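You will see two complexes here that share chain A, one where it goes with chain B and one where it goes with chain C.
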Partner chain A sequence: MSDLKVNKVTVSYKKQTGIKEASLQAQSGEIIGFIGADGAGKSSLMHAIAGVIRFEGEISYFGHNYHSPREAEKIKPHTGLMPQGIGLVLYETLTVAEHLSFFANIRGLRQDAAFRAYQEKLLHMAGLSDFTDRQAGKLSGGMMQKLSLICTLLHRPKLLILDEPTTGVDPLSRLELWEILDTIRKEEGTIIVVSTAYMQEAAKMDRVLLFDGGEIIARGTVPELTESVRAYTFEAGACPEKEDVESDCFTFDRRSYSLDPLSVPRAEPTLEALFFVNALRTKRAIPKIEIDARESKMEIPESVMEARGLTKRFGNFTANDHIDMRLRGGDIVGLLGANGTGKTTFMKMLLGLYPIDEGELTLLGKSIRSSADRQELKAKIGYVSQHFALYKDMTVRENLIYFANMHHIPVATAIKRINRYAHELGFDAYMDHSPNELPLGINQRFSVAASLLHEPVILFLDEPTSGVDTIARAQFWEMLHRLKASWGISILITTHYMSEAEYCNRVVLMRQGRKIADDTVEKLYAEHPDAENFEEIFLSYYRDEI
Partner chain B sequence: MKRSVVKAYILKEFTELFRSKLIIMVYLMPSMIMLLFGYGIHMEVTHARTLIIDNDQSHFSRMLTAKFEHSTYFNAEVTLMSETEALHRIKQAKADIIVIIPSSFEKRLLHGQKSEIGVFVDGAFPNRGMTMESYVQGVILDTAQQIGGTLGKRGGMITVNSRNLFNQAMRDEDAIVPGLIGLVLLVAPAILSALMIVKEKERGTIFNFYASPLGRGEFLAAKLIPGFLLHSLNIFILFLWATELFGVPFRGSFWLYWLAAEIYILISLSIGMLISVITKQQIVAVVLTIIITIIPGFLYSGILMPISSMAGESYIEAHLFPVMYFNHIVYDSFLAGTGLASAKTVEYLGILILYAVIFLTLGTFLLKKELK
Partner chain C sequence: MSRIFWVVFGKETLSFLRSIGLVAAVLYSFTADIYIAGKGIQITPRNVKIGYVDDTGGGISQKILSRLHKPEFLPPRRFKSQEALSRAIFDKEILVGILFDQDFEKDFRQGKKAQLNLLLDATAASQSFTTLGYLQNIVMDFSRPNFPVVIKSHKLFNQNADNHSFMALTEMLSVITLLIVILTAVVFVREKEEGTWDIMLLMPVNPKLIILAKSLSQVMIVMAGVLLALGFVIFGAFDTPMNGSFWAFMLLTFFYSFSSAGIGLFVAAVSKSTMQVAQLSIVIMMPLIFLSGAWTPIYAMHPVLQFLSLFSPLRYYIEGSESIFFRGTDLIDLWPYFGGVLLLGVLLYWYGFRKIGKLF
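For the complex of A and B:
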């Protein structure tokens, strides 16, 4: 008999179905992972289990059956839900300590010595013991998520539902979040249902469910799942060239995926392979991305942008402390660091959005001093912000025309370019949809198109891949590499996916406003011979001095 | 309903209100509306710029011009300019009224003949024009009686002795300011309660309510009680503005005014709650609340016109909005002071309580503890 039993649950919205006839079972102490693209139905099923949305079907929790949010009321004292979004359940103006007492009070917990000890322990695990007087709005993203988690854990739920708790969170905070979860699961015997976009995290779970198009299409332990796609995973580089666009072979990150046997040896499959093989199986075209050379021909000098000792202060707080960085033509530089280390500030300073407090910035050999110079910066740089700055009430086409107007591009040229990008980046089918109807992956690609309209020499991307599913991310990187190849464009990108650092030529590591490393990926691997993946290298820099 | 849970939630609400500085709006907005509207709306006309062309220059004509010169309603200027020139001054908006006294004014009157005085009034604003016209007529009539008296004619026998009841001084403040209380206490609490609920929806913190055992009653109590307490203070602040700053008399029972105002705040808060049921964004909630409350609050407050003189649709609409019932009690408390002795006041107080009960029940019923 399972402790949690979900039986044929369907969640429907006005226009579409969230999840269709999903079933699952879980035992106490188990961690069940949900993976899949956004809009695949993970959140819908989580909301149904947590009893916050109307659904059809039956859920049974330790013998309590419920069919609606109203019936779920009786299990709510035993459940905890952390919805998707950083700091979503926190009140900006309340301090960490006030949050804890608020959540304890609305759950009606007796605040005796045992409770206080438990609370202290949670605070300690989250590394928030020293920040109890800080308001939630002033915490970094990683700290917010840890606070959200311990607030959800205060009443010792026996069923914990976490919707992408680690998306947009830096590797270190992510690791700490998982340590908390692991401890709680062992000590309290909690059933944990968690969705994630990080496959390394999914690999730690007891069982994984793969969602696609509102259905659960595969389930099992991680070895079982990877085994199921072993037959279709090959070493990279041997996709047969086919003229038709409907490709049944896809190559990404040193591996090729194909339903038909390839002439190359098979490779060790990963959870990512699951996504690619599934896309191939469902005949969902993974559009080929091809990018032509830019229209305006220009000589790209060896050093495109150079920052020397750039410093930015906000009051007493130094957000960027004497940072040097050099972008060469055709460089893809990954800017890595924990939440709140000043990556976005640095980018905004390079962009001319913030005045420079100290240091020197040169663009194409010319020093940037006046605000007119800074205006020049914006004309040479394409920028995609963390939360794609798109107008939700306009269609994709209207958005792009608007951005073209902002850059004073003649209408005829603009329309020609827009159509070309739409075709090359594979979003022509969505031109007349509004951004909030589209998956994140599409929005992300057309945001890049918007930032390329004025044919910049540099592209800044601030966490463009957060929350985007595996395939969309793979395509995104494919696009960046092609862009680099045909345009000679330099790219500066921030990301929390450490696996993505390996697709960059060079990585710059930041910690607390300072640069702590700046080297090629190969050299960093050479310096850290024990590291199995880039995440370990990253963490080693952070662990050293804490 | 657990008291400790509600208490903890209310404590959180107060902390947020203070730290987000929303508390400033709670007290600034009502007083702002009161001061802006209180000083801004003026029905009566004073210091109308009057040009008097005295072609007669006689004893009687000077009697008439003196009356204009001594009145605060007019800024009279006796000139000898031509009629066309004077009309040109009105066109340039440099004068409001022209009074032309004919050259044979005194002579004709002494002969017992009819004499005509020419009056031109700037009617660009009809209300103002009509008011000025009636003032001028009043002054002339008054003078005519006096002249009639000196001539020993019968005209002197009748004098009009009119008295305005309830607002003897016919002061604008007395007519407008009490009505503003009904407007302010309808708008401000509604915005606050709508904001407090929709803010949680917009931010996502509403999940803390959805996913916890917190009851709907507890949640609503926590959302409505802070607004109720904070705005209760406004009942006194607005009262003080009215009586101390605008000098409006208060003749009725303060207890009645207070009780009615508290019930009225409850109605307003539940209007905000009902709006929060259908909106997801704070900005939409604010705009919607303002549209729903300010327009009827102003039109049917009795500031612009008495409800009893409305007909047809406007009469029905006026009776649909709670503002009319409350303002009846407020005007009565300030100006008349009949209080509960009047059956209508009792009836209207009952209707207000009914509104409060219906709206609160409706809000509790419609607020769902689930995602849409």
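For the complex of A and C:
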């Protein structure tokens, strides 16, 4: 008999299904992990288990069955839910100590000696003991998440539901969050249901459920899961060249995936492989990305961007502290760091959306002193902002035509180019839909297409891969590499996924407004021979910093 | 240059037409809202509830009461004591209470100064004070003064002294102000919220041109609404006289809308989200409307407020519009109003351009 039993739960919204007939079972003290992209159904299932949204099906918790939020009311004293979003449950102007007493009071907890001891322990585990007087708004993203977590733990829930608690949080804080969870489940016997956007965190979970498109596509322990796709994972570059687009083989990140045996040796499978193999199995089309040479001839200077000592302050807060960076022609530079470390601020300074407080900037060989210097460079720069900024009340086609018009591209050329991109980047089918109706991955490629219409020399991409599913992400990086190869374009890309460093030529790591590492991928690996992945390399930089 | 202008203008108009809720709100504001404002206002008393306490035993008191009849007043209700009447007024059962005390009839017969006590619920100020005026007239009739002066008034400009068309016109001017500010602010702030504004700034186009095209599109939407309101409500339902030039009014409206769009631009420049636009618009709009003379004549204001009212573009617009509608002023004599509206508009745009219309 399982302590938590979820039986064929379906959550549907007005237009789409959140999660379809999901079932799972869990024992006390177990960590159940949900892995998948935005919109894959993780949050829907979590909210159903927490009893905060309507669902079909049955959930039973220690013999208490519930089918609706009303019936779930009885188990709420035993559950804790931490919703998605950094610091979402916190009040900016309350201090850490005030938060703890507030959450204890609304839960109606008796604040006796035992409670105070437990509270002290939580504070200590979260490393917040010295910050009890600090306002939540002034904590770092990682500290905010740790505070949110201990606030959720105050009433000693036996069922803890955490929706992406680590997304956008710095690697060190993420590690600490996982340590807290591990301690709690061992000491309190809590069932922990946790979702994550980082595949690497799967190793910390007892059992993993993989979500894709509103369904659970695989479940089991990490070794079980990777073992299940061993037969389909091969070394890279072995896909037979085929004319048809819907191929049954896909290559990404030094591995090829195919349902039919290939003539090359098998490679060590990862969790990502499950998503690729699932896509191949369900015959979901993975359109091939192609990029033709640019239409206009462009001379690529050796150094396209050079920043020296760039500094940005907001009041007393220094968002960027003397940052040096260089972007060479045809380079893909990854700007990595947790949320709130100043990546976006830095990019906006480069683009002129924020004034530069201090430092020097040279773009395409031109020293930038005022907005007048930027005027002629505008035609050579492409920019995709966070959340793929596009007009929601116009179709994809209308959006692209609008952008082309703004770039003074002749109408005939524009339409030809738009159709070409739509075909090459695989979104022809969505041309007459509004951006709201598109899957995130398609939206992302179409935003990039919009920024490529004028054939720029530099591309600035702000968090383009956040929340995008594995396959779309793979295709996205494929697209960037092809762009680099056939256009010689230089790309500066920000991301909070440390693992994406692998796909860049050079990475710059930021922490609290300062640059803490800046090197080529090969060199970083050479300097850290015992690191298994980039996550560990960065962790070492974070540790050195303290 | 002009291609970009029309591309932006067309796109904004299309976006507006595609959002059904917004179209419905604008249509409502320019038709039903103005109609209700014009129709709904009641200055003359109607169905006023009167109570009285009569300790005189009737006579003069009943003669006075018999003059209070429908439709202005409901039949007066008698109360046993002043306390009972006061309670009824407190409970809002009675609006005006009349006290005929024992000395009233005696003093009246003896030709002394007879005192009639009135209790007024001053929370319904206009209704109770007009009732007071009625009662004073009735009492005056009784006293038959030998004072052979009769007032004969000649109403100028708004010959029918028609409050309905006046209220409807004022409401239309307020609707124009409110809509143009909010529509323009939302158009800009939505782009800021969704991040498209950053992309627009990075386009090889002068951002001033985009700003002008975007605000002009909203001005045209409001102008279309004004035509609707004029046709169906102002001239249609209320038959408001138009003594001046129709085109002079449209021109003034155009300039006024454009300068108010400047206020919208200002609101958008300082807010981060649509929510903030809603809050800020109210905070900015209320003093503008208070100071415009829409609710209180400017000459009746405190001198400081009179000075401040110079900064409300709505002031020039209301004065100008009333001149056109009721006084029939010529276009050339309207220059102070055009001048005031234009000057304020230019200042607001200058700020808007600086604040959101440039790169660093």
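Definition applied: the second predicted complex is superposed on the first by the 498 of 546 C-alpha atoms of A that agree within 3 Å, B and C clash if a C-alpha of one lies under 4 Å from a C-alpha of the other, contacts with A are read in each partner's own complex, and residues count from 1 in each chain.
Everything below uses one rule, namely that a residue touches a chain if its C-beta (ideal position, glycine included) is under 8 Å from a C-beta of that chain, and two chains touch if they have at least 3 such contacts.
The structure displayed is predicted, hence computed values, not measured ones.
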Query raised in the report: Between chain B (first) and chain C (second), which does A:Gly141 come into contact with in this model arrangement: first, second, both, or neither?
Result: neither
Report task. Quick one: classify A:Val89 as touching chain B (first), chain C (second), both or neither. Result -> first
Report task. Have a look at where A:Pro355 lands relative to chain B and chain C in the superposition and call it first, second, both or neither. Result -> second
Query raised in the report: Which partner does A:Ile106 contact after superposing on A: first (chain B), second (chain C), both, neither?
Result: first
Query raised in the report: Where does A:Ala389 make contact in the superposed view: on chain B (first), on chain C (second), on both, or on neither?
Result: second
Query raised in the report: Is A:Pro77 in contact with chain B, with chain C, with both, or with neither (first, second, both, neither)?
Result: first
Requested in this report: Scan A:Ala379 for contacts with chain B and chain C and give back first, second, both or neither.
Outcome: second
Requested in this report: Give one of first, second, both or neither to describe whether A:Tyr402 is in contact with chain B, with chain C, with both, or with none.
Outcome: second
Report summary line: Note: overlapping chain A surface for chain B and chain C spans none
Report summary line: Listed in rising order, chain A residues that touch chain C in their complex are 348, 351-356, 370-371, 374-375, 378-379, 381, 383, 385-387, 389-394, 398, 402-403, 405-408, 451, 454
**Report entry** chain B contact footprint on chain A (complex, rising order)
**Finding:** 47, 50-54, 69-70, 73, 76-77, 79-81, 83, 85, 88-94, 98, 101-103, 105-108, 135
Query raised in the report: Which bits of chain B are touching chain A when the two form their complex?
Result: 2, 4-5, 7-9, 11-12, 15-16, 19-20, 203-205, 207-208, 210-214, 368-371
Query raised in the report: What does chain C use to touch chain A in their complex?
Result: 3-4, 7, 11, 14-15, 18-19, 194-196, 198-205, 358-360
